[in-house]
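Note that the chains are named A, B and C in the order they appear, and that numbering of residues resets to 1 at the start of each chain.
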């Protein structure tokens, strides 16, 4: 665990929080709409069948559009989303091994379903991650919490979700610190046995917990009662309704119609016509 | 004499693992006083502070803030009156921006909108940190973090300010700034510190703790010149009162 | 499953609010983050194409008490489901039951607590943990089998399915038991007061706990069956709709029926909670459907290429406009 990398990604997560205090049309939309939109987006993406590839691609326009409208740095968002990549790759890595059914014939080359589903998984994971990242970047975590509570999610669960998010930072920081300390003290020897590893894990847990307790006490000392308040006031009005319909319609359209395929057909037709 | 704002009566506390941290501590603090709590590491200073806003509950005895005894039922009220600044600002600054951090307290108290903004900027102005409002706390210097941490508590308009080692880890200028701030406040201040010179300048009264007991309670002039007393509590004279290490005078 | 999961979450939330034990909150958050991180790490260790996961339910129950544990593990599962888009979302209800309700409300009170007694020695507690972990995973596996079978989408006969699942989960159970026991031991060395949680288990006033839980279990299985059926129907429905709208003539597959069923089995296995089998989509090698219609696939490729081109241009323009952060 390279502490540099951990620190790097840590800062990025906090940068997301920072972006949430920006001001744009999207920022000003009600948090509940954004929550629903993100959720709907992810659901739509998940609902595709196993081998969907080209039909997934247009979905990438949505994050681009949002970044443009909300003034978010594209590369930052992309970098964060790519963090999901290693996990998605490993989850999907089994497919090319198991699925040899040829789904696609390109002349003499047959591409197996396994590869298709593999790439599909990766694309979907990316889209999902981007949706979550953008949600945080334009809404901010406390507002998301407040929105969830208004949708009827029990308060303890909301609190738990928010704290888990917060304490991921604490955990990451402590992990970086511990890993650095260990690296400095193990001269030459690489890796560690299960014994020291287990001890480090327990140490990590306890350190994080004590730090979390201190933060929690600081929150209590400033009057925290379990509910997260957001300094921005939201109202679910006509603008939000219109945006929701637009978004839902767009997602549905993309889900049912394979746009790239149509474009491709048109292009092919054009070429054939010219030739 | 007006009514005491903080009073402790036979306050005792032991940690779950058996360590006795406070033994029958009693004292009375009046509004506007600036009290320095000094003592060796492990004397019980931080434990005492944590009794004042209900983070810890006494094993026996009682703490009162004004007329309100500190119990689990009165925590909200107590925390409205007692603002605590921790030793580690990192534990205290957990929101994305400085503004959000300072607003956290008032928001919890139900202050919103224009009033909230006013509250936040007032507090930031008091610590000369208005220009830091949109910055993320983790990018600030130690001195700036300390100032912002104080602002987070000021925004709650507490009548008692409790501070755990406010000048620890600061460069000389930062330390000077904090000392000036602390001297300028009207609220009742309770400050723990190892920085005896700061205590000598900022505090009007000193409580000396050793092994969970109060060994002395009085004017800084008396206590901080009493070499024997200080030595018995693992402390030394403030540097400004010690003989010059170069010329010996 | 969803109903049961939601019900259980509501119940545990109510219990927690009633107790108003704010002290647990940071621990819940940290442990939640911890289990989340731990599960991700396990994903990164491939073995035979699948991966091993630390469930964490039992550990959370021991350190937090059942109600808090359920909330914590649910939050981890929810975030994972949303973030990784590999179908975990559809199976979330099942996952919460198998990895949350079973360890927290069944195993912990009825297996671990009685075995461990009130102030166990280290070895006795570790033994109790091992047994409980094994039991938890076996029950979880059994639950999955039952859920799949009852929902009618399993092509494998019940006994075969069971014989397939149980041994694998035996191994995972041993692993989870070992890890849980180690962590608990190390924690108790430093903060023993953490493990003294007698209250929450016995305090469910009213209905005797046992009948309540049995009722839950039965309801879970029944509802789970229906729920899974509904979940697996949805993609089919959408595919049908796609065909109608897009009008592409996909060659009918004579063996469609069998393939679909087997695919669904794999899907269900894939949607499995993290008991050692976490394959998102890995259909069995079957002589499946004939290759896609030539024209359609080429169009797809061309269109896809154009889309990617447009996306890259868009991203570059945006990136240049803002400058790199």
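The definition used in the following text is that contacts are C-beta pairs under 8 Å (C-beta built on N, C-alpha and C of every residue); 3 or more make two chains touch, one makes a residue touch a chain.
Everything numeric here is computed off the predicted structure, so don't read it as measured data.
Enquirer: Starting from the Cα centroid of chain A, hunt down the chain whose centroid lies farthest away.
Expert: Taking each chain's C-alpha mean as its centre, the farthest from chain A is B.
Enquirer: Suppose every chain is reduced to the average of its Cα atoms; which one is closest to the average of all protein Cα atoms?
Expert: Central chain is A.
Enquirer: Round to the nearest whole Å and give the separation of the Cα centres of chain A and chain C.
Expert: Averaging C-alpha atoms per chain gives centres 19 Å apart.
Enquirer: How many Å are there between the centre of chain B and the centre of chain C, using C-alpha atoms for each centre?
Expert: 47
Enquirer: At what distance in angstrom does the C-alpha mean of chain B lie from that of chain A?
Expert: 41
Enquirer: Could you say which residues in chain B touch two or more other chains, in rising order?
Expert: Residues of chain B touching two or more partner chains: there are none.
Enquirer: If a residue has to touch 2 or more other chains to count, which residues of chain A qualify?
Expert: As it turns out, chain A has residues touching two or more other chains at 166, 215, 220.
Enquirer: Which chain B residues qualify as touching chain A in the complex?
Expert: Against chain A, chain B makes touches at 50, 53, 55, 75-76, 79-80, 82-84, 86, 88, 91-92, 94, 96-97, 99-100, 103-105, 107-109, 112-113, 116, 134, 136, 138, 152-153, 156.
Enquirer: Within their complex, state which residues of chain C touch chain A.
Expert: So the residues of chain C in touch with chain A come to 9-10, 12-14, 16-17, 22, 25-34, 36-37, 40, 43-44, 46, 49-51, 71-72, 74-76, 78-79, 82-87, 89-90, 182-183, 186-187, 190-191, 234-235, 238-239, 241-242, 245-246, 248, 263, 278-289, 291-292, 294-308, 310-311, 314-315, 318-319, 322, 324-325.
Enquirer: Can you tell me which positions in chain A touch chain B when the two form their complex?
Expert: 14, 17-18, 20-21, 140, 166, 211, 214-215, 217-225, 229, 231, 233
Enquirer: Taking the touch rule as given, give the residues of chain A at its contact with chain C in the complex, in rising order.
Expert: Touch list, chain A to chain C: 15, 39, 42-43, 45-47, 49-50, 53-54, 57-58, 60-61, 64, 67-68, 71, 73-76, 78, 84, 86-88, 90-95, 97-106, 110, 113-114, 117, 120-121, 124-125, 127-129, 132, 154-157, 159-161, 163-164, 166-168, 170-171, 198-199, 201-202, 204-206, 208-209, 212-213, 215-216, 220, 226, 255-265, 267-268.
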